[in-house]
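First chain A sits with chain B, and in the next complex the same chain sits with chain C.
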Partner chain A sequence: MRLITHNMLQCHVKGCTKDNFPLKLEEIEIEELEAEFNADFIKSMLNRLDWKALAQTTFSLGIAQLPEEMPEELSDEMLEQLHHILLEIDITSGRMVCQGCNHVYPIRNGIPNMLLTESEV
Partner chain B sequence: MEKANIKRKSSEIEEEEIKENVNKKIDTTEKEKINDENKIGKSQEISEEEKKEEHFVHDVYEAIAPHFSDTRYKPWPVVDKFLNDLQPGLIGIDVGCGNGKYLGINKNVYIIGSDRCSNLIKICKERGYESLVADNLSLPYRSDSFDFAISIAVIHHFTTPERRREAIEEILRVLKKGCKVLIFVWAFEQDRKKYDEQDVLIPWHIPKKKYLNKKSLNKKDYTESEKSEHLVKYERYYHLFKKGELDDLVDQIKIGKVVETGYDRDNWYVIAERI
Partner chain C sequence: MIPYLVYFVQFHEDFRIQELEALAKLENVKIKFNREDYSNENPFFIVELESDEDAKRLIRRSILIKHIIQLWTSGNDYPEVYKNLKSFDPEKYKPYETSTFKFMVETYNGTRTMKEQVDIINTFSFLPFTGSIDLKKPDNTFMVLEKYPAPTEPPCKIYMGKLVGSGDRQLVAKYDLKKRKYLGTTSMDAELSLIMSNMALVRQNSLVLDPFVGTGSFLITCSHYGAFTLGSDIDGRQIRGKGKTSIATNIEQYNMKKKVLGTIVSDMAHHPWRNNGELFDAIVTDPPYGVRAGAKKIGLNTDKYDAPPPTKRDAMNPRYPLTVPYEMEQVLIDLIEFASKYLVVGGRLVYWLPTNSEEYNKNDIPQHPSLKLIANSEQSFGKWSRRLITMEKVKKYEDIRLTGEGNTGHYQFRQFYFYGKDGEQKQENNKKEQPKDELESEKVKKSKHE
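Entry: the complex of A and B
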């Protein structure tokens, strides 16, 4: 799972509406991928992602220390760093924990399991 | 000539089988439900619809995933065009992505596939596609956040009109306002085959030797004939949509409207916009 995907995910347990995003990544394993750099694609993605959640997640994983707010001008260097963060990091295992209700979503073999049990829907 | 006749006959038999099995199997499901309830008490209440979908949709796809995947590779032209017309840099979802046959069509957009069947998602992942296991009725995404969505051959697997509507509404919820979803469902009005009923069980035959490992072989109760033959039969539940039925479902949803509608090779489709 890439961090773009993580940035779109939210806890969907019934009645969980507070602190349900972003899900906290724990005990994760990472594999590095290679992807072709495309500055326009990265800029477009950044306009669609929640920057604060991305900064929080990358900081807690020790991957990067991004500014709290998205800079208005992004240098080439920063775009390349973001390219790496967004497209070249694959989370292969671990878990995502909701900070609101503590629900745990496991990630195995690179695949997040987002199913709930019947009583949680 | 002779061959054609035989073919026609076997397809008639198949249809008879479908009808019979709908009634027979649903009866069995009902019995199983009662048994299960006795076993586990009332703590886990699963509705009859959910049970039916579990038995005739989820379990079947888990079992047939590799064989199903080998038969699903040709993209449908309408879906292909919808995806290739997207601007570069958009982000979207394929809900019920199956083996991921649409996840790599347009390399200039970011697309996340999801499916209820984990064995199909494993295939997506092996192919290098971004994908996760999730239920269409409760998507794990933020609201108002995606630029596009597709739902190809998925909504017809839900067993009631309410659940079909909820499944579409859930996709619209996560789309941004003004963004669109393409939905394909199987049509009741088909060129090659006539059906008497809209709710049917469609058989799927798997060559045993090639696709079934011992574990899944033991899981299924085989009939005597299946034990000796090289094919194993599974059945999937389908609701066959009549003309206008899919449009009507979208019309019932406050946050959506139909912007395009059509018929393509035995399927009805709509493009619905999030409003």
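Entry: the complex of A and C
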């Protein structure tokens, strides 16, 4: 799971509406990938990202220290850094924990399992 | 504008003009045509475009167009064609006079032997072309296209012009399921997957989701066109695959790790996508309606089933929640609602909808105030059809709960398919009625096991 995907996933346990995003990554293993750098793609994703969540996640993983708010103008270096963060960091295993209800979503073989149990939907 | 002749392939006829329209939008080409002139029975279609460059661009991604020809003239017989060509201002031929060239003869609904073709070509020797003939790499290729009313009769229409561009049908062989390492019973054939990518206007840097990803056919074809793709499926076994093959194997086979972002295990009925944003440029999918792969969602009503009491599970333990049949009606409502919310404005939803041919009525296509129906193409299997539905998001999401009332053509489709209209259970499915891609993938699977 790349961090761009992580930035789009929230806890969806029934009734969990507070602090259900972003999911906290724990005990994770990371593999670095190489993805095609494409400034246009990164730019087109900017208004679809939740910047605050991205800054929080990258900080807690010790990957990068992004400004708290999305800068109005993004330098080429910043775009490249975002490209690396969003597309080249692949979480191969670990878990995502909801900060609202403590629900745990496991990640195995790079695939997060977002299924709920029958009592949670 | 200049007239061009579009020469379609004779497959998936009900998808051809829809693909052409999608490509014109995708490539931003100005095009004029009279839709009433189009017929599924005729592979020739005249359009007007601004330039050869536009014509070439228009069909460079086409799966259902063979060639596009700058149309010089047409006639009901050869003398008419010769007469028209002779009446042109000699200036028209100037640019071609000294360049190398070749002639090609194509026929529809009739045949010509090699010798007949050469004889036809020789009758055009009155044209003032003095350049040498080059069959391999000519500067210009001229085409004569004949349409026959019946194979035994003489041609009723003849077109003549300069070949400008060709479609991209070689991709059908490149992504052929027979060559694919990981397949399931519902893997979509390459041709239709590619057409769907065109219908969805998938292009460089699109972000595309297949929420019923199965074995990942659409991830491959959408990423072929430069999209970043994501898939989800409730069935993690499909994603992870069997033994040594999985979606990841296919991604590696086609060297698309840089473009396929990954897959998640999730349920469309209770999905985890962040609910405050328009995320995707396109949603391309073949929902499991229960004909070939029964749709499932996580069960709600626990007392109906022998469910284990909910316990706090260890996070790393496998999770196999109860699943219940997911009614087709509900699959559709969830999908349409999801698309109206998560597509960007201008983004497209392209999906398959099976319909019972007898009861189908165009009002069966679910509607949503945010989504405009762009195309509805039928692939018929006799008593039932599946329809490729293309919708475009035209305005921001409005929270309108869809009702399934009155949607009878697909309502209880599964019941009809398996049980017949009178409720009698079919002993086995008629092979002829099964979609080609399924049969093909079955064959492939068999040959792999042998």
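The rule we apply is simple: the second predicted complex is superposed on the first by the 121 of 121 C-alpha atoms of A that agree within 3 Å, B and C clash if a C-alpha of one lies under 4 Å from a C-alpha of the other, contacts with A are read in each partner's own complex, and residues count from 1 in each chain.
Methods note: a contact is a pair of C-beta atoms (placed from the backbone, for glycine too) under 8 Å apart; a residue touches a chain by one contact, two chains touch by 3 or more.
Just so we're clear, the structure is a prediction, and the values are computed from it rather than from any experiment.
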| item | value |
| --- | --- |
| Contacts of A:Val121 with chain B and chain C, given as first, second, both or neither | both |
| Chain B versus chain C as contact partner of A:Asn113, first or second or both or neither | both |
| Partner chain(s) touched by A:Glu34 [first = chain B, second = chain C, both, neither] | second |
| More chain A residues in contact [chain B versus chain C] | C |
| Touched partner set for A:Arg95, first chain B, second chain C, both or neither | second |
| Touched partner set for A:His12, first chain B, second chain C, both or neither | both |
| Touched partner set for A:Ser75, first chain B, second chain C, both or neither | neither |
| First, second, both or neither for A:Phe21, with chain B first and chain C second | both |
| First (chain B), second (chain C), both or neither touched by A:Ile4 | both |
| Doubly contacted residues of chain A, that is, touched by chain B and again by chain C | 1-2, 4-5, 8-12, 21, 40-41, 44-45, 48, 50, 105, 109-116, 118-119, 121 |
| Footprint of chain C on chain A - complex, ascending | 1-2, 4-5, 7-12, 21, 33-36, 38, 40-41, 44-45, 48, 50, 87, 90, 95, 104-106, 108-121 |
| Interfacial residue positions of chain B with respect to chain A in the complex | 44-46, 50, 88-91, 108, 110, 112, 114, 116, 118, 121-122, 125, 130-135, 137-142, 145-147 |
| Contact footprint of chain A on chain C as seen in their complex | 204-205, 207, 228, 230, 232, 234, 236, 239-240, 257-259, 261-267, 269-279, 298-300, 302, 307, 310, 313, 315-316, 319, 321-322, 344 |
| Touching residues on chain A, where the partner in the complex is chain B | 1-2, 4-5, 8-12, 21, 40-41, 43-45, 48, 50, 105, 109-116, 118-119, 121 |
